[in-house]
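Before anything else, here is the set of structures, which you'll find just below.
Shared chain: chain A. Partners: chain B in the first complex, chain C in the second.
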Partner chain A sequence: MPRIDSALRDVGALDALAAGDSPVHRLDPRAKLLATAACIVTVVSFPKHEFAELAPLALFPVAILAAARVPFGLIGRYLLLASPFAVMVGIFNPIFDRAVATHWGPMAVSGGWLSFLSILARFVLTAGAALALLASTGYVNVCAGLGKLGAPRVLVTQFLLLYRYLFILADEGARMVRAHALRSRTGRPAALRVWGSLAGHLLLRAHDRGARLHAAMLARGFDGSLRPLRALSWSRADGAFLAGSLAFFALVRFGHLAERLGRLTLEVLR
Partner chain B sequence: MHMADALISPAVGGTMWAASAGLAAWSAHKLKKEMSETKTPMMGVLAAFVFAAQMINFTIPGTGSSGHLAGGLILAILLGPYAAFLAMFSILTVQALFFADGGLLALGCNVFNMGFWACFVAYPLIFRKIAGDRPGRGRLIAGATLAGVVALQLGAFGVVLETLFSGISELPFGTFVLLMQPIHLAIGIVEGLVTAALVAFVWKARPELVAPAASADPAVRPASVRPVLATFAVLALVTGGFLSWFASAHPDGLEWSMGRTSGKEELEAPAGGVHGKLAALQEKTAFLPDYDFKSGDNAAAEAASPGQPAPAEANEPEEQPESWPAVSAGNSLSGILGGAIVLALAGMIGLSLRFFRRTD
Partner chain C sequence: MSHHIVEARDLEFAYPDGHPALRGVSFRIEHGESVGIVGANGAGKSTLLLHLNGCLLASKGSVRVGDVPVTSATLPAVRRSVGTIFQDPNDQLFMPTVGEDVAFGPVNMGLPAGEVERRVRESLEAVGALELRARPPYRLSGGEKRAAAIAAVLAMSPDVLVMDEPSSGLDPRARRRLIELLAGFRHTKIVASHDLDMIQDLCSRTMVLAEGRIAADGPTMEVLGNLELLARCGLEPPLRAQGCPACGRACRTSLTGLTRRTEG
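Coming up: the complex of A and B.
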């Protein structure tokens, strides 16, 4: 993952967005977590050739991102960077499935292209919903919500500690890379042996830091779990948000919204 | 190797989530029972180290291209399988949330593919067996490389199976296997070499970091094959339970995967009977009868374009033994139009939300 350093900068940007304040930010992380999970399950539960009926689901991430004032450009860049796997696997569908499935006016459309479009729509919706959750909630709050929802304590602590140390060690790694680049004649990445020594030193330093950290935490009464600064509280707004989202997903899944709206429009046009 | 939500079905995603969550709960239980919290900060720091180590590229011997560390194996060697599994869980979660690498529903698959095989199969059954308690350099490299290769081959095969059972991708089993396995053979060798280089360095500088993981700490000593077998048993149970529940809620996904598997002759006897029953079930549970896109629309499409579907069907008779109803109501012209309108509406709602926020 060579883009990791730029990605880490983006992590900071996302977390800065999550520190903002809006009605969406104020919702309980649990409500947003459950709604996001329901959104993703709804998206992937559609039959594989479906894509027009997926369109209404875009409302969920778009509304959250807009209400939380997250710049769409940042999310778009993320989606683009993450898209290769879905696109690479999906592009085989038009090759293997050439049976004509439907007609758009005079144009015959194969099942493969339909399912490829569906994969693209699925990718944008699922990844968009996850990013919307993070940008409007913040990693630490997502973890707190997960803990309240019953995730093992050790795992939640692990999530939080990883995040805490990510930036420190990444900075250290970046300094090492720079130092190596300045001293190497070829400008190429390190040879395997050199890499072993570089990464090994990083590992030893990380290990020592972990030991110091542990001693400091024990001195402050660490008992295996990190406590959030703010206790989560479930308000009526959270219940309404969750219920509304679930009702909307059910409507989209079983209501054939796009088809109905399209027919209505065609009739009005006639 | 990160699977995306776009390519998996709810049944596969849910099953793999159940497996990974179960393994995580079991690992957490093991860690709590058998040791104090000493490992907690170390797990966090070493997981962060895997991210940081990915920043340091290295030249792959012989090719000149560069690679990076994936991490499951080195974590297992330094932390033991249980802590390493939780650490991999956290790494993949951060990747899913922040990098959109792999989705939230696919997280279960990814944790299983990249965490389970490395921590609970490759490490205890291959690395530990080859490296032993007092490894020399040769054994270390041999053990790490072989373990890396096996972990990645199994993981890549998991990706193939999960994709196949999800049925979103049209890639035939054979093609996908031939695509995935050789690529991950190369990646696995590199992963093993890199892990060996790292372990060799640590072994020289601080042998106690590798050695206690090997012998002293009872929590780290894996209970051989028992966890592996238990996981597979649970996985089988969950698959059965989840799929059968799923069948009643949403027939077409399962029906399709059954049809696909029976076509591929991996699941032989029961497919026909279940298939027939499901078809009947599907008739009964059709959601909106007036949108009869199961058979009526198909017939209509064939009537509209006589002769056209026939040669296409003839091209791949074994692919689709009974013509899978590809047409769904939503993809007709009016469906597309409606979808476009909804998208535009969603965009407008987003813009207006933003506008109102600005004005106040």
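Coming up: the complex of A and C.
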């Protein structure tokens, strides 16, 4: 559970970063949201064995993180936390797909390894772009942007409340685990049965909390939709940022930017 | 003014599992009155409070707030005039920042932006928490959360303030500050609490609930001075009436001299 604690502290850290001020922070959340979505779509639109062609896309999250002065270490830690999922998705590819697909110098590379690397690269790019968005915009503003872009109200409300109560739920969970640890024999992990009971109690508590929360919301005139306070304003800089990002993605996707850059580098070296 | 009265007539309520929580509760609270509701755990205090803002609707009997009976059709009007401060401020602070949370009610009332801003500022100032405005609620201390929750309710400018255990979880100084704050409000106040000392400070009238019925209803000093009544209802006299902790002798300002039966 301490791991969950520290993960939540990291979420808080992201929010603290989002409260900063930089040209990227000042962009309209909608512009950043759309550009990030376009980046993710571009990444997943490449064929499955593509690896090198993806590389220039890293510029997008890196540029945002650098301009927003977000420490790369923090983002790296997040990526590491989530990486087991990406590894699990691709880990069997090298076993099933052993046909040689390409040669890197003297090394023959199978299609399986290539697609595995491609999956990892895609994970780093998409998750990195999403984290860059969060760190430079803030969760609440992202939700406001989503709402303004026409996402269903219910969904946006869910997102906002999820974020608010994540901390309380984790606190409750941590307290239960601590209470269990204090009364159980040391050095022994809890039995599966106990975990089941803990999880069940957590669910019931969350349900009760939900009911009380709903009562509190109704008592203050809630009618089904959270009305955002902040007015979003679209400026010329937002348009320029979005247009620039889209042009860059198009160039990477259709203009074979990676290949051209490679050739250019070789020529310069010669 | 008649529209700040709160009245219950033969109020009965049973939870869906069949457990009867209220078994015929009647009272009338006049404009500007400050009423304490005390009772043992499970006596029905919280259930009663939830009826006053229509979060629960009576199985039998009726509740009136001002001239309006509390029914599902009148809920918006009732909730505008009755502000409820819940026991756990975590249940009440659900918006990302304190400022937005305080604005939640006024925005739902459809007020223009300027008016919302004015109310947020004024109610945060009233509880001395203006500097918390931009903070997320989960980073606040217990006392700060309580203050923010009260501000959130004040921002709707209710006529009646209903509070469930407002002093629970507060340190002594925060509790004292809360009592002073609440004493300064001119609203009709209904306070349910186990903190009988606070009730004695805040409320001129006290109702004792026991097993879903009103066991006593009268001036606070009389009710809290009736040891036999308190014992029967699972309560103890306020700490300050319990005599000197060192020698056990009753202190001079003790309520015990006032003992009189006040059964309703």
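Following the convention adopted for this analysis, the second predicted complex is superposed on the first by the 229 of 270 C-alpha atoms of A that agree within 3 Å, B and C clash if a C-alpha of one lies under 4 Å from a C-alpha of the other, contacts with A are read in each partner's own complex, and residues count from 1 in each chain.
Heads up, the rule we're going with is that a contact is a pair of C-beta atoms (placed from the backbone, for glycine too) under 8 Å apart; a residue touches a chain by one contact, two chains touch by 3 or more.
Just so you know, these numbers come straight off a predicted model, no measurement behind them.
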item: Which of chain B and chain C A:73 touches, first, second, both or neither; value: neither
item: First, second, both or neither for A:219, with chain B first and chain C second; value: second
item: Partner chain in contact with A:209 - chain B first, chain C second, else both or neither; value: both
item: First (chain B), second (chain C), both or neither touched by A:168; value: both
item: Partner chain in contact with A:98 - chain B first, chain C second, else both or neither; value: first
item: Partner chain(s) touched by A:159 [first = chain B, second = chain C, both, neither]; value: first
item: Touched partner set for A:191, first chain B, second chain C, both or neither; value: first
item: Residues of chain A touched, compared between chain B and chain C (which is higher); value: B
item: Contacts of A:106 with chain B and chain C, given as first, second, both or neither; value: neither
item: Touching both chain B and chain C, residues of chain A; value: 139, 160-161, 163-165, 168, 209, 213, 217, 222-223
item: Parts of chain C lying in touch with chain A, wherever the complex brings them together; value: 50, 53, 55, 75-76, 79-80, 82-84, 86, 88, 90-92, 94-97, 99-100, 103-105, 107-109, 116, 136-139, 152-153, 156
item: Contacting residues of chain B [partner chain A, same complex]; value: 2-10, 13, 24-25, 27-29, 31-32, 37-38, 40-49, 51-61, 64, 66, 68-69, 78, 86-87, 89-91, 93-94, 96-101, 103-105, 163, 167-172, 175, 193-194, 197-198, 200-202, 205-206, 209, 250, 252-253, 256, 287-288, 291, 301, 304-305, 308-309, 312-313, 315-316, 319-320, 323, 326-343, 345-347, 349-351, 353-354, 357
item: Chain C-facing residues of chain A, complex; value: 12, 15, 139-140, 160-161, 163-165, 167-168, 209, 212-213, 215-223, 226-227, 229
